[in-house]
Structure formats: structure tokens, C-alpha cells
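You will see two complexes here that share chain A, one where it goes with chain B and one where it goes with chain C.
For the complex of A and B:
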């Protein structure tokens, strides 16, 4: 320790005092030496690429949101007027309302179904492996292709079936119905994301010891009571992880919507992502970068709130 | 993986448990009613896939009769040949393979190397903060950076498959580095120390010792990156300027504008677009499932 450089000494000692022996050994040795240049060679490419392709574009984009840049040519500063205009823009507000509403409905639907499937698949059933194979399938399929298939079913098969049983409200394609089109997006998004959530729940459920259930059933607990008092508290962390990941995914929804309604009818089902992308062809570059910045803040806030809720509750495997 | 093997282990242990207590509880008998219920529920997955395949084998005339669930009569495999031509399938497939290969290779290479440097210098602030810096991307959805990224890739001449692969890798980077770092920090350092005493350099330690240790993580990260890249529509549709260099999911949009009622051709094309990942999934199911589970649980 005496040979250590003065600067490296302090954190090294502090680390050594509060870590287990083996780890502190390794830390002290690492801390006492100058860092091998090779480590920088390993680290820098990732940092450089990430900075160039993600961070720099984000910073440049946020910068342009304070200008009147059209995506080409000259520009001048506007201050906050893009943001003021955004807040008053009914199309932008509509896209946020749709996206948030769609995300909430879909995450609830997907989590309930995923948890039910996970519980059923980890119960004592026949053909558990084969059934799981089927239920996971949507996960490996491309969202846009799935959406095209469902688009056909919604606009041809469903109306035909509705006509056959004489159910008038569904005899027209729901994709063209301003009140119902969003439902098709909920269904397909859930269809596609349920398997991932289901697998996480399966992992969570398998960590719950079986004897807890046996003990409670000897005590006469009903299945519902077991679910409420044992299963749910023990997998609460997984519920929150799934919800955070799910909401983040649904907020950025694009592929499925393009494949089903392309934002229509009108702009009823236009997500925030679709509105932002319109800035590239519509000449509203700076304006939509303001929208993107707002969207960034909104998603971070939602994620942070959810993560604060997960804090300390997540069960690690 | 441990998580996924767990249910099987408990199930396997049951026959041993069951004879123990005096009466076999109802928990120990496989439930046929629940199995039946699940089988019915699985139709929600199978039905759209059945429609895709059956429509693909229909004739144009039959494909517009509105009865999606009817079996193809007559059986018409010619739709596939048409779809193959219309979408220029071999080209789109090659582009998709190229994009996915770049994504997986870049993700594995950049993140495993960075994670190694970070985990072995965790006491150094610069390395620790590098991880936090990379993790910031977990909070940056693509729409936020999309417009400037489109400009950047165009300016660099990367407005094609290579640029798409690079950007796909960038969005995997934070997640992959996090997984690798967590994994490496749990791996004992003794092996590496031994090699160092024998005179191995940091680079040699990484390639000879660390990379083999990382093999299971490579599978997880690789599958995750492959599926995300292969199935994506948003990024290639925005970044790639030349329609002839589009990926398999993107070229499917041709059926939205042309070939209006040739549903059989469209569905044959959808089926061909779905087939590669379905085959990969069925062949490497264990890896896919454990990869997805680990990836999601550890995030």
C-alpha cells in the first residue's frame, strides 16, 4: 500500500474496507497499479461510437429545437417558441393523448394475460413445453409483418364473421372506425409483447418455493387466496419490471401502428413517434425536434417514477 | 438459464414428493381442464399463423372470397414464386442478413470489450462513469434521436444496411454492456491473475481467457441483438435511402400499395419473411427463451 500513488490511495483503501476479502485483494491490486493502456483501447471504441451515433445526434437535435432549422440551409434562434407552439398544437396533443392512453391500456391487458399464462404454464398441466413453445412464438416475429396479417383479419375476416352472426357494429372494418381503430393496435401490440412478459413471470414464479403453496393449502387457503397472498407479493418486483419495460416499449410504438392503421383514420391513431418522424419529410425539423425533446423528458419521467416504485422491491435471480 | 431450468427441476422432483404424504393432493395431478383451456388460448397464436400459411397456398380467386380459414383449394404454391420475384426476396434476405450480422458482431465486440475494461477497473471513477454514460441510452428512445441520426448517416454515406446495422448495435450497446459487466464482476479474477503471472498481456487475457468465459453471455446478447435487428421496421425504413437495399420486413410494404387483391402473394411473402426467425426459434428454443428471460430480468 505504501507504494501507491497518493491520488489512487484514498478510494482504494475505502473500497478495501467495505468489500469482502477476495474482492478487496483484487481491487487493491488494480488500484495500486497504473491502468494498463489496453483497457482504454477496449473501452474507447464503445464510448466513441456511442457518442458519435447517439449522444451527438441527441445533443444536436435538442439544440435545433430552439431554432427554426428546416433540416437544410440556414437557421436562426427562436428561443422557446417551438415549445410554446407544441403545447398549443392539437395534433401533437392528440398524439400524446393517444400514445399514453394506448400504453396504459395495453400494459394492463398484456400484464394480466401474461401473468395468467405464466401461472397456467407453471401449473401441473400436460404438454407444458409444447404449449410454451407456441405461446412464445409471437416474440420472434416481426411486428410489421404481424400487423399486416392482422390488418387483413381486421378488415376482411372479422367483418365477414360479424355479418354472419348479424353483429352490426363490427360489420365494417374496425381499422377505419375512428372510435375502434385504437383497439386493433392494443390487441396486436399485446399479442406481440405478452410472450416476453410471460417468460419473465415464469422465471419469477419458478423462484417461489412450492412448499409455501402446500403449507397454505393444508391450512385451507383457496387458489384465489394463494394468488393474492403468496404469488402476487412474491413476484411484485417482476410485475414492476415488466410494467416499466412494457410502457417504455408502447410509448415508442411505431411498427404495429404503421402496419395496421398508419395513424388513421385521420390522425386518430397517430403515435408520438409517427408525429416526430413527419418532421423529416414535412420540413418541420426543428419543430419536431422540440417534440422529440418533450417526448424524451416524458419517457424519462415515466421511467423514473416507475423505477422509484420498483426500488428495493425487485427480486433478483 | 438457471431460472428456466428451475420449473423443470421442481416438476421432476414431484414424483419423489408425491408418494410421501398419505394422500396425493390435487396439486400433484396434471390438470386436463387447464391444459384444454391453454390449448384453446393457444389458438389466438396459431390462428393468425394458420391463416398466413393457408392464404399463401390459395389462388388469387380464392384469396378474395373472404373465408380466411378455408383450406386452399386448389393448392397453389405458385404464390411463393410470385412473392419471391415481387419483393426481390434473395436481395432483401441478403440485406437483412448483412444488417443483423453487423448488429450482432458490433454489439458483441464493443460491449464485451468495454465491459471487460469497466469491470476490471471498477475502482477507477472514469471506468465506472463510462458505464453510467452508456446506460443513459436505456432512456433514449429512437424517435428522440431519429431525425439527427438520419442526417448523420446520410452525411457519412451510411444511409444503407451498414448504417442501419451500426445504429441497431448502438441501441443494444448499453444493455449488452450492463449484462456483460454484471456477469464479469461475478466471475473470480484468479484465472486471469494466473495468466498474467505467466506473462500474458491484457489483450491476450481478454481473447484467451475472458472471451471463452463470456460464451453463455454472448449467446444471450447475440440472440437479443439478432431478433431486435432482424425484426425492426422503423429504423431501416427511415435510414436506408435506396429502396433496393431494404430489409425483409420493410419490403413487405409493397403489398400495401400494389398488388391490392393478390392476398395470396402478399401472404406468401409474409410467410417467407416469418420463416427464418421461426426456424431459428424452433431449433435454438432453449437459448432464445433463456436469452430473453435473462435479458429482461437482469435489466
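For the complex of A and C:
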């Protein structure tokens, strides 16, 4: 049977063999540590594609960050000078400051709102299913479309509404305001990512057994106390996943910013991803490859720190 | 040019990848047919100006009919970089002659076209413009195909009703603006949210008639990492007076210029909400969509008291080139010659609000552009200062910031600092 498994890349074959695999799975649990070859075979296509389309280009890119390559033609080694230039570039430093600040603010806002929505929608309110469908809609819209729609709202609708109620600070579109434009990006990015986080929380909340709430209410725990001492520890794993994925996504912010402010006013809202991409048409290929490499390391470090900070905080029943 | 530049700059990463994937597909299919083809050449013609894709597709069909056995496909991928990166840049390119193309030109990947019969018909004052960005020794790498000119677009009805003259000096211009303002009319509509409109309009127009851009940037490149106040050449010194003009011009903008975008601008100007608009011919089509009957004219922005100083902003919107890597240079050059035939090149330019680049080219007949014709004929033109600034310096964003802070000097200092940094790492073309 195992000799046929190289064919497993075809989904039909995998389906046909589900039953024998389940049987072997039971055998493994019964004591044998030998893992069926099929599991490895299933990994091969994904691993090959990942290596070919992600790892290999990344390695090539990192290599070129040590050269003066323009993307074509001849090149020569520069050593670390691209990296030295990066550290001295206020434009690059500014984009990191903006991106990190934006990611932190957005992830906090999105998680709080998503968790609140998830709690509301898992309670026994009316129309929960219908509301859930509505709340999930932003998830299926493309970022650039969302950004253009919000761009219209921010430049026309919001100022008109503010003028109607006489609220002066919002009568001019915040997109043109160097101090406030970043807020529009926070709002739209959060709006777009809340549904995904909310779904994860909904799944987490429905996994919390009802009897622990029952027991605690017999002991006289308030709702807030229940949330703090039961809900939050039991869904801590979900908070972690959402936060790590959220931060990672916000760090790569691109399409929403392009649609809303295109990095402006001035360079106030230029994200790292936008700076990197500018190197492609701007002829700064190798230099921005260096930037991309630095950004990759920064992103990995942030994720590792997040994992370390939260490790062991989750409680299992 | 404005439109093609912005489409090249703003696509999302995803759209770009899709485009690149399409290009890979095209390349692959090209290889397949080239391998199996019997004798006839298959040419890939690279042209990404969205508005004229159908136009050039028709031209390619005519070319095929004239040259049996040769087929030609149009490749309109947004970005040319991946094509050169893969070493498969097509057989004939027809591209905006800008700094991006200059990078390829300077590295010698575009072949010499000087021995083509049509090369001798190009106006030398126009081919000199391509040399301002980059040259490759001993080669004519690009044949200018289409020249566009941009000036101040104005609403003739608003001007006529108030008896305002078309300004020919700086004082007349500010007087017109003040008169309009007194009358409650927005003198100039600006759209800061699309930063490219700021540098192509306000920034370039304010520099053009005061500074010889080709000469200024040649000196800037030569000074490289030494540019600055003490070095004798710098943005801060060289563009101080132009930016003072820009500051004054911007004081006549619509109050909400900071939050308006290009589409808002076309709509506002098309509905008569402003008297003037600092845009190129690409905006005329958009304005006509709003109101086809709006009486519109154009004039170059005067910056001095001598009308003879005034020049018009031009760019070589399309130039033809043949990559050195093409496997079929003869067929490629044949296509270039086909496109350079007087009836083809003249018809294209007259149909698309542009000017033929040849010595025998007719005048542009569109009345909306009549105010610019004399300047084009006399070669009283310049390539915009912003087009000499590499894309790694976000000039549009800087002008946007200067507009909101009012501090143009800080912007020029920033440009000097960026220029020096770019020179250090060899980023100047």
C-alpha cells in the first residue's frame, strides 16, 4: 500500500485512502512511534512549492542586498554598505517608526473590538447568526476596494456630517491632515481585520464549557470576574494567535495605505512595505532588498518576543 | 504622461504580481511558437499606455498585413522591470522616455537605431531631450515618437466673462488670480491627495521657465554627494526662486486642495468651479467626459516679466527602442520603420493630443492646445524638473508636505540630503 503513496499528491487518491490511514493512525497511538510515510509524502508538494516560490527567491534577494544589482545587467559586491546606508536614511527610519506604531495601535483596537463582538454574538441575543454574517462581510472585500470606499467617506461624507453637527475638528478630511491621517489607516485596517479575529474568538468562546460559568455563578462571581478569571485565561491561546497574526499582517500594510493616503500627507504614513516596493521601479533594487531583509528579521523578532511573552499563560481544562 | 506614470506607480502588489505572471505566460507562449514557427518572425511589441492599447493593436494588424509571415503581439504589462530582469524585454518597446528607461539605456541594453532611415527625420531639439536623462556612447538608443506638452488649462468662459487676458508675464498672472479671487472664483484647482499632480503641475511649472532643467540636473549629477549650499549647486540654492513662485501660485488654490484628488479636480474644473488647472493634456479627455462643450484653452505658466522667457513643459510620452537581446533585430527594426512612416506617426500624435517628433510633422489641430503650439514649434520647452528626480526620492510626498507646512525651503534641504545619500550608494542614473 505504501508503495502507491507517491501518487498522494492527487486529492482523489488521498480521499480514497483516508480509511486505511485512519487505521494506521490508531496503530500509532496504540504504541508504535513509527510514522506512516504517507504523512511525509503529503508534505512534499507544499514543501517544494514553498521552497521554490518563497525560500529560494528570498535567499536570492538577501544575496543581492550585498551588491549594487539593479535587477538586471552586471553587478558587484558592496559588502555591508547598503545596510549602513539604510541605518542612516531618515526616510527608512521614519517608515519603521510609523509601521511599528501603527501595528501596535491597530492590533490593540482590533482585538478589543473583535473580542467584544465575539462575546456578544456567542451570547443568546436575537439575530446572532444574521449579525455574524454581516460582521464577516469585510473579510471578503479586497483591501484596495475597501480603501477607496473609505477614502470617499473620509474626504466627503465625514466632513459633511461633521459640518452638519458643527464638529469643527472633522470638517476638513483627516486624510489631508499630517497629524491625523494615520488614524484613518488604523480604522480601516482594523475594520478589515476584525471579522477574522472575531471568528477565531467565536470558536474559542464556544470551546469554553458552560459548567465552569455555572459553578462560578454559584460561588457569586460577577460577570466581569467571570470574564477576567475564566473566559480570558481559557481563550488566551486564541488571543495569542490573533495578536501574532494581526501584528504580522499590519507590519506588511500596503494596499489600504495606497488607497487611502499613498503615504501622505508628506511621508507621514509611508509604511515599510511601500518603501521597499518603491525600490523596484526606482532603481534602488539592491538597497531595498537590504531593507526587506532587515524588515524580515524585525518581523521574526517581534513574533518570537510575542510568543515568549505569552508562553505558558494559557490554561487548559 | 501623467496617467501612464501614475498607473506605473500605484498598482497594488497583487495587481503587479498578476501582471508579472501574465508576462511570464506571454513569454512562455512566445518561446513555444518561436520553436515551432516555420520561417516567420513573431514580434512582441511592448507598450503599456492604457488609453492607446487598442490603437496600437490596430496598427500591429496593419503591420502584419503589410509584412506577410510576420506576426506581432502587444504586451501591455504595467512594469518593464521584470522583462529586463528575466532577460526577455520583447522585440520593440514603445515607452515613456523617463528616468526609468534611462537606467536601461545607460547600461547599454538598448540597441543602436541611428542607421535607420527614420532616425534622420527626428527633430534634433527633441532627440536632445532624451540625452538629458542618459546616453550610451555612440548609440541612438531611443527614437522619440510622441511629444506631449502641458501647461495651464483654463476655462475660457470664466476668463471672457470678466474680460481677463491670457497672462504672458508673472505680474499679469498674479493679477488675473487676484481678480478672480476678488470675484469669488477659485483661481486654480489643485488636488494634493494625488501627490503626482503636485509635482507634475505646481513643482515643474514653477521651475521650468526659470531654470534650464537639463543643465541644472547635469550639474547636480556631476556634484553627486557634494551638492549643498557651499558646493555651488543644490536644490536649496538653484530652486529657491522657483519655489517662492510655487508658494505664491499655491496661495490661489482652492481652500480644500489638501483633501482633493485627481478625479475631484477633473470634476470640479469640468463643472466650472475653478478658472485654471495645472494639468497636462491627459486631463482634457477627463474634463470632456464631464462637459464636452466646456470652452477650454491652454497657456504655459509665465514666471518672469519677459514673455520671451516663458517655456512649456514637454515630455517624450512615447519613444521607440529595440533591446539588444531581441533574437530578430531585422524584423524588429522593420516594425520601427513601419511605425515611423509619416502617415502613421502623424495620425497617432494628432489623434492623441500630442506632437509628432519629426521635422516634417504637422501642427496639432486641437483648439484646446492651440496656446502651446508656438512654443513646441520654437523648441521653447523643457522637461519637468520632477522627471529628473529618481523615484526613490518621494518628491510628490515632499511637495505635499511643503504645501501643508508652507516651508518650501525645508523641502529643498530634504531633497539635497536625499540626493547626497542616493549619490553615495550609486542610485543616481
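Here is the rule we go by: the second predicted complex is superposed on the first by the 256 of 317 C-alpha atoms of A that agree within 3 Å, B and C clash if a C-alpha of one lies under 4 Å from a C-alpha of the other, contacts with A are read in each partner's own complex, and residues count from 1 in each chain.
One rule holds in what follows: contacts are C-beta pairs under 8 Å (C-beta built on N, C-alpha and C of every residue); 3 or more make two chains touch, one makes a residue touch a chain.
None of the values given here were measured: they were computed from a predicted structure.
Asker: Given the touch rule stated above, what does A:266 touch, chain B (first), chain C (second), both, or neither?
Answerer: Second partner only.
Asker: Output check: A:34 vs chain B and chain C. Expected answer is one of first, second, both, neither. What do you get?
Answerer: It touches nothing on chain B or chain C.
Asker: Please determine whether it is chain B or chain C that touches the greater number of chain A residues.
Answerer: Residues of chain A touched, chain B against chain C: more for B.
Asker: According to the stated criteria, A:139 is in contact with first (chain B), second (chain C), both, or neither; which is it?
Answerer: First partner only.
Asker: For A:124, using the defined touch cut-off, is the partner it touches chain B, chain C, both, or neither? Pick first, second, both or neither.
Answerer: The answer is first: A:124 touches chain B but not chain C.
Asker: Going by the contact rule set out at the top, does A:279 touch chain B (first), chain C (second), both, or neither?
Answerer: both
Asker: A:300 in the overlay: touching chain B, chain C, both, or neither? Say first, second, both or neither.
Answerer: Only chain B is touched by A:300; chain C is not.
Asker: Examine A:254 and indicate which partner it touches, taking first as chain B and second as chain C; both and neither are also allowed.
Answerer: both
Asker: Look at A:178 in the shared chain and tell me whether it touches chain B only, chain C only, both, or neither; answer first, second, both or neither.
Answerer: Touch partner of A:178: chain C, not chain B.
Asker: Is A:85 touching anything from chain B or chain C once the two structures are fitted on A? First, second, both or neither.
Answerer: Second partner only, chain C.
Asker: Based on the A-chain superposition described above, do chain B and chain C contact any of the same residues on chain A, and if so which?
Answerer: Touching chain B and chain C on chain A: residues 71, 143-144, 254-255, 258, 273, 277, 279-280.
Asker: Where on chain C does chain A make contact in their complex?
Answerer: 8-10, 12-14, 79, 81, 84-85, 87, 99-100, 103-104, 107, 109, 192-195, 256, 258-261, 264, 390-392, 394, 396-398, 400-401, 404-405, 417-418, 421, 424-427, 429
Asker: Name, in rising order, each residue of chain A that touches chain C in their complex.
Answerer: Residue list for chain A touching chain C: 68, 70-74, 81-82, 85, 88-91, 143-144, 151, 155, 159, 172-173, 175-178, 254-255, 258, 261-268, 270, 273, 277-284, 287.
Asker: Flag every residue of chain B that touches chain A in the complex, lowest number first.
Answerer: For this pair, the touching residues of chain B are 2-4, 6-7, 10-11, 14, 25, 27-32, 34-35, 37-39, 41-42, 44-46, 48-49, 51-52, 55, 66-69, 106, 110-111, 113-114, 116-118, 120-125, 127, 130, 133-134, 136-137, 139-152, 166-167, 169-171, 173-174, 177, 188-189, 201-203, 206, 227, 230-234, 238, 248-250, 252-253, 255-256, 263, 266-267, 270, 273-274, 277-278, 280-282, 285, 288-289, 292-293, 296-299.
Asker: Which residues of chain A touch chain B once you look at their complex with the stated criterion?
Answerer: Answer in residue numbers: 11-12, 15, 22, 26-27, 30-31, 35-36, 38-43, 45-47, 49-50, 52-58, 60-61, 64, 71, 117, 120-128, 131-146, 148-150, 152-153, 156-157, 160, 191, 196, 199-200, 202-207, 210, 213-214, 217, 238, 241-242, 245, 248, 251-252, 254-255, 258-259, 272-273, 276-277, 279-280, 285, 288-289, 292-293, 295-296, 299-300, 303, 317.
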